[in-house]
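A, B, C and D are the chain letters, set down in written order, and residue numbers restart from 1 in every chain.
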């Protein structure tokens, strides 16, 4: 058993680093499809982290939640998003208002900012600082993605990354919410993403483009 | 007894709209609602008169029903103003008996008979309220109903623009009044007048000054003090004549009631500069009001500006009273307050008479521009005599009621010299000069109005074949004229209750000895003047009607007479500073000025208050709004940025707090 | 049991309506389900009123505060249902935009909102608020026009981001509860949190952090400035009954969630921090909305900004706290929902008669739409806070509270903003109401249902302004007792 | 007994009024090396006018005939305030200066109405100018009288005279000189004497009072002329009473009754001479210089009030 607990401890320690990598790659990504892939990788890392915490805390629920996360976030949502990308048939690349280099630099700057923000809380809550910083970094980069990307779908991805950040923060600090709430949250997230997909198709039907920054009819 | 009559007035006024709308289809019941209105107002007048002698405190208390305490009471001051409302309301209702029949038909007529009682009811609620909620309830409704009544006359864009200014300024004024009432909230147990009085004593001086200033601005807007008067010449002329009579005669007095209630009943004594502020406002309004009235041709606009002037005279009296209370001279303060209150009643009487007269003229000649009238005395004798009485009263001539109010104010200014402090001893007597100037200008203004409108030759066809108005209209006007003359000749009947009121309001006030001497003296003077007039009239004389010598020209025609512009041009030249009209004289062709093909002269009196004070205020608001509107860019990314910035700012605020 | 029925009836109703083929049958089924739903709500409210607190199972709970808001939702829902029956003539056909879907989505929205009110658990409440966003996004985008799609998208994205922050706030509160010793499974229960609140004063920083995130999160749904940007677009582009439902009930729903949080935080760490935050957000909303109303050109956008302003006033009421502040705020939510519903109904009529909502293009409404003009006048007088109507009473109470706590500057700013709003509303509406109508053909015939709906709204507003019934005051005090 | 004396005093004033005007015009003629009409000419003029017909324009209204009646009544009532032979007058005991001023305003009000009713341009012109002059004269008149009232601590005219009688001539402060000057200027404007208005001429450029009464003839003109004369003598008597009352008996005594009329007559003659000298010395002011003339009177009265209040 020692081996498994050793592996769990290792995953907990290293997941923060992996999360940072996905955040940076996503900032640099040019095509939506790569973003979706990176997102599903991110969710995989989070599943691993849940499994590790569940194992260390010996909570049966944890495993159930891990399975749920894996099903919803790693498989269903990316699959849905990819179908939307294929359905759009328009150019797949990511139109951004900031050049890729700039966005990478900004995201890179966000990570130390996350560490600074988190420091007082790590001391107060005696929690793994790295993971909490990763959570805040995810939230900040998700926000940055939504603000800087012009494509409607990229905004959805930014949103979901932000949700990931919050979810990671939840796991590291509270080691898991009551199961019913977790299920409810995932269910909501799933429907939310599906609905956003429907809206993206609607925007394309009505406006023949999915560039969110051109949606400026309603002003004043 | 007064209690029952007062409640019956309230019930009648409340029920009348329903009665009107129900009775509208039946021809026979056409005069039901006007008759009911008359009965209600007479009952109200009797109730007010009785409770002037012995006030009954809680007349009707609906606090158990209404969401917030709502009670009406008839202390002496409220009874006096209720008397004012009913004494003016009844003749106006009588006048409207036939005026409304001749001018409005069908739905408009019903709407007018439905809204008029509600308008009166809201004013009755304002003057008799004894809780803040009731007062403000009546205060806002009063503006709404008057706006409704104005809209009955038509809603083209020009009238709507004036109505918009009126409603906006009334609402801003009401906001100040709300502020004034609620300033008592931290110190008072509840917002009824009794606990407000108690709280006023405990409040620090700074809060008392804030309350006074808010009350001054709030009630000043409704009364029409000069910087805040811009709505008055816009709103009153566009209302139907009976309604503008009520608005000018009575609605302005509810503002005076409110200011007296705050200035004397709640706050009591305050620093002297309160008095000087009110005096300054009164003087400014008085002089500028009458000067603008002089420059007007439209009767209703002239009367509206003259209301500004009379409110100025009332504020002079109130200002003197405040200065006296500040200098611990309650006797003289009581006299000054009496002068102001009496002038309010007098102004209500003759101003509503003048507006009704204007209504009668409009009814007979279909025009309100005095430049087109003339020679109406021979064609409308009763209206002519009644308006002669009204013009004499408003000019403040002895034997008429205008003089008595101004005489009391003059006496109080003389009393200023008896004060120890040197500042009031100089300022107050000088105010006598200002009041005299206002009186002189008012006399000139109304001799111009009467002379041009009623005397000489008719200047237009309509004026030529004008016909006397029906009996009900004349009867309504006659009642008001009778009241003017009776108060003018025998002021004792109104001075005794007034002295009781001011003794209530100003504690420890004993009137100076010679103060009410006018009550004994004027009847003798009247007797002597009338005796001499009879004596002179009885001297036998032979009169012969013959055309007067016209320096050889064939015959005098109406164009040779002095028009109102000509009559007032010397005065307007002397006081040119107050007008500063922008005149445009254009001569075509410009290169030969001495052989012009056509000359056109155009002079608009720029209303510089509006340009200097209100236009910039409105422009800044609209400019700020436009800048804010640019924030709503339409781009979702910018909206997201707003949210994240808000979150970051709040987190920083949390860190610091 | 009495709580499950009102919750499940709209869910089943939604599916039942979807199942019927013809629009006429769908309407009749919808009305039937609506009637049952209102009866169930009434029964639930009366049960709560007599029993104080109803708890069924682990997740459903209803107390005085819930009862008060259930009355609001019941009244407005029945009005909206009755109005939309007459409104169906204008629904253009396209995906999702048929009568069946319209009623189904309305029932789903009702189901989600009842979920928020009846949930005993803060987590469940968050989930319900999230689903209200999803369902109402579909309703906002119902017309499938360019504006509707854009508004729907912005509404969906902005509110989901906002709600995510609210989730983080809930989790932080959950963390604070666990840190101060609450067992994990009941750490999110509202009652257990309230009972344990005094011990949680230790985790002061965490609770303040939680409140900030919740304020921003649910603030987005309530429409506080600066998170309000979606509200004018959503309310302007949605069909009129839906805008009425959004403005009158959905904002109150989010406010209800914020009230639940404020109760816990003020009991745990004192109301100093949370109330100053609410006062700041409220005043900012009132001032910015007042100024923006001056330059609006579209009627429904004007009404949307008026909703932001009134939510600001309610926030100020809650921020002032104390019996007066709370009484004024709760009464204001109820009055405002009635007035705003009335105004959106009239907006629906104007759109159907004049084909546009551009206020500068509408002339002579008084002659061509007499009944609607009367309703518009009553509604605008009420919204502006004129005496005979309810909002004057609640604004009077809130102003008294402000002055009693010597917030002079705040009160003066509030009075000034109300005057600016009065000027803006008067300027826009006098142009619309008066003047000569262009050739608008026959006068709009108004359905009996619409007239009945509008008269009930106006009657309730007048009743609450002149005479608040004793029963209603009972509910109001019950709600206040919960929050004290 | 005092009532009888007051009535007698009033009748004396009314009767002597035309004589005063005759004396003034005779003195002016002598100063201009003219023989001039006899002093009693105004009486014969009045008798002539009373016997003539009263011509009334056809378009005129009853106000045209009412105006002279009200003017005469108001002026007589005003004259009843002014003490001549002894300290008090018929209405002077309780009536105060405000009533006096406003009674004169009542008379003027109806005279202006009568003028506009005539329907001729002269009437309108006279009325318009009279309105300007009387408006501007109102303030200094009242302020001047206020100054004296403040000094005498009473508003009644009898009280003021009694207070001045009690003072020594040399103790009277400069303030009284200011008040006297202001009231003198206002008296000239009110009664329409030379610098403001020329009573003798019918030249339309200059006449104010004459223009208003151009339409009147016969008894109506007689009453107006007489009222004008009463007003002149009343104003002169007022100035004398307020500023030079010495010679009036303080208490009631037979000797006083004999001396008082003689002293009063001498003082009136002196004032009449002063007026005649002023009128022949000055030319009539242009119409729009009259406001400066009255502005001077207003400044004087304001100073009087301020200094009286300071020196209390």
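Basically, contacts are C-beta pairs under 8 Å (C-beta built on N, C-alpha and C of every residue); 3 or more make two chains touch, one makes a residue touch a chain.
This is a predicted model, so every value here is computed, not measured.
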item: Minimum number of chain-to-chain contact steps, chain A to chain C; value: 1
item: Result of counting contacting C-beta pairs for B-C and A-B, higher pair; value: B-C
item: Most widely separated chain from chain C, with each centre as the mean of CA atoms; value: D
item: Distance from the mean Cα position of chain B to that of chain A, given in whole angstrom; value: 71
item: Interchain centroid distance [CA atoms averaged], chain B/chain C, Å; value: 44
item: Length of the line joining the C-alpha centres of chain C and chain D, rounded to whole Å; value: 80
item: Centre-to-centre distance between chain D and chain A (centres being mean Cα positions), rounded to whole Å; value: 103
item: Multi-partner residues of chain D (at least 2 other chains); value: none
item: Overlap residues in chain C, where contacts from two or more other chains coincide; value: 153-154, 157, 161, 232, 295
item: Two or more partner chains touched - positions in chain B; value: 629, 632, 636, 640
item: Chain-chain contacts as defined at top; value: A-B, A-C, B-C, B-D
item: Chain A-touching residues of chain C, taken from the complex the two chains share; value: 59, 95, 121, 123-124, 126-127, 130-131, 134, 137-138, 141, 144-147, 149-154, 156-157, 160-161, 164, 167-168, 171, 174-175, 178-179, 184-185, 187-188, 205-206, 232-233, 236-237, 295-297, 301
item: Parts of chain A lying in touch with chain B, wherever the complex brings them together; value: 97, 143, 146-148, 150, 155, 212-213, 215-220
item: Contact set on chain A toward chain C in their complex; value: 120, 124-125, 139, 143, 146, 152, 155, 159, 162-163, 166, 169-170, 173-174, 176-178, 180-181, 184-185, 187-188, 191-192, 195-196, 199, 202-203, 206-207, 212, 215, 217-218, 220
item: In the complex, chain C residues that touch chain B; value: 153-154, 157-158, 161-162, 165, 208-209, 212-213, 215-216, 220, 226-227, 229-230, 232, 273, 276-277, 288, 291-295, 366, 381, 386-388, 392-393, 396-397, 399-400, 402-406, 408, 411-412, 415-416, 418-420, 422-423, 426-427, 430-431, 433-435, 464-468
item: Chain B residues touching chain A - in the complex, by the definition given at the top; value: 629, 632-637, 640-641, 644
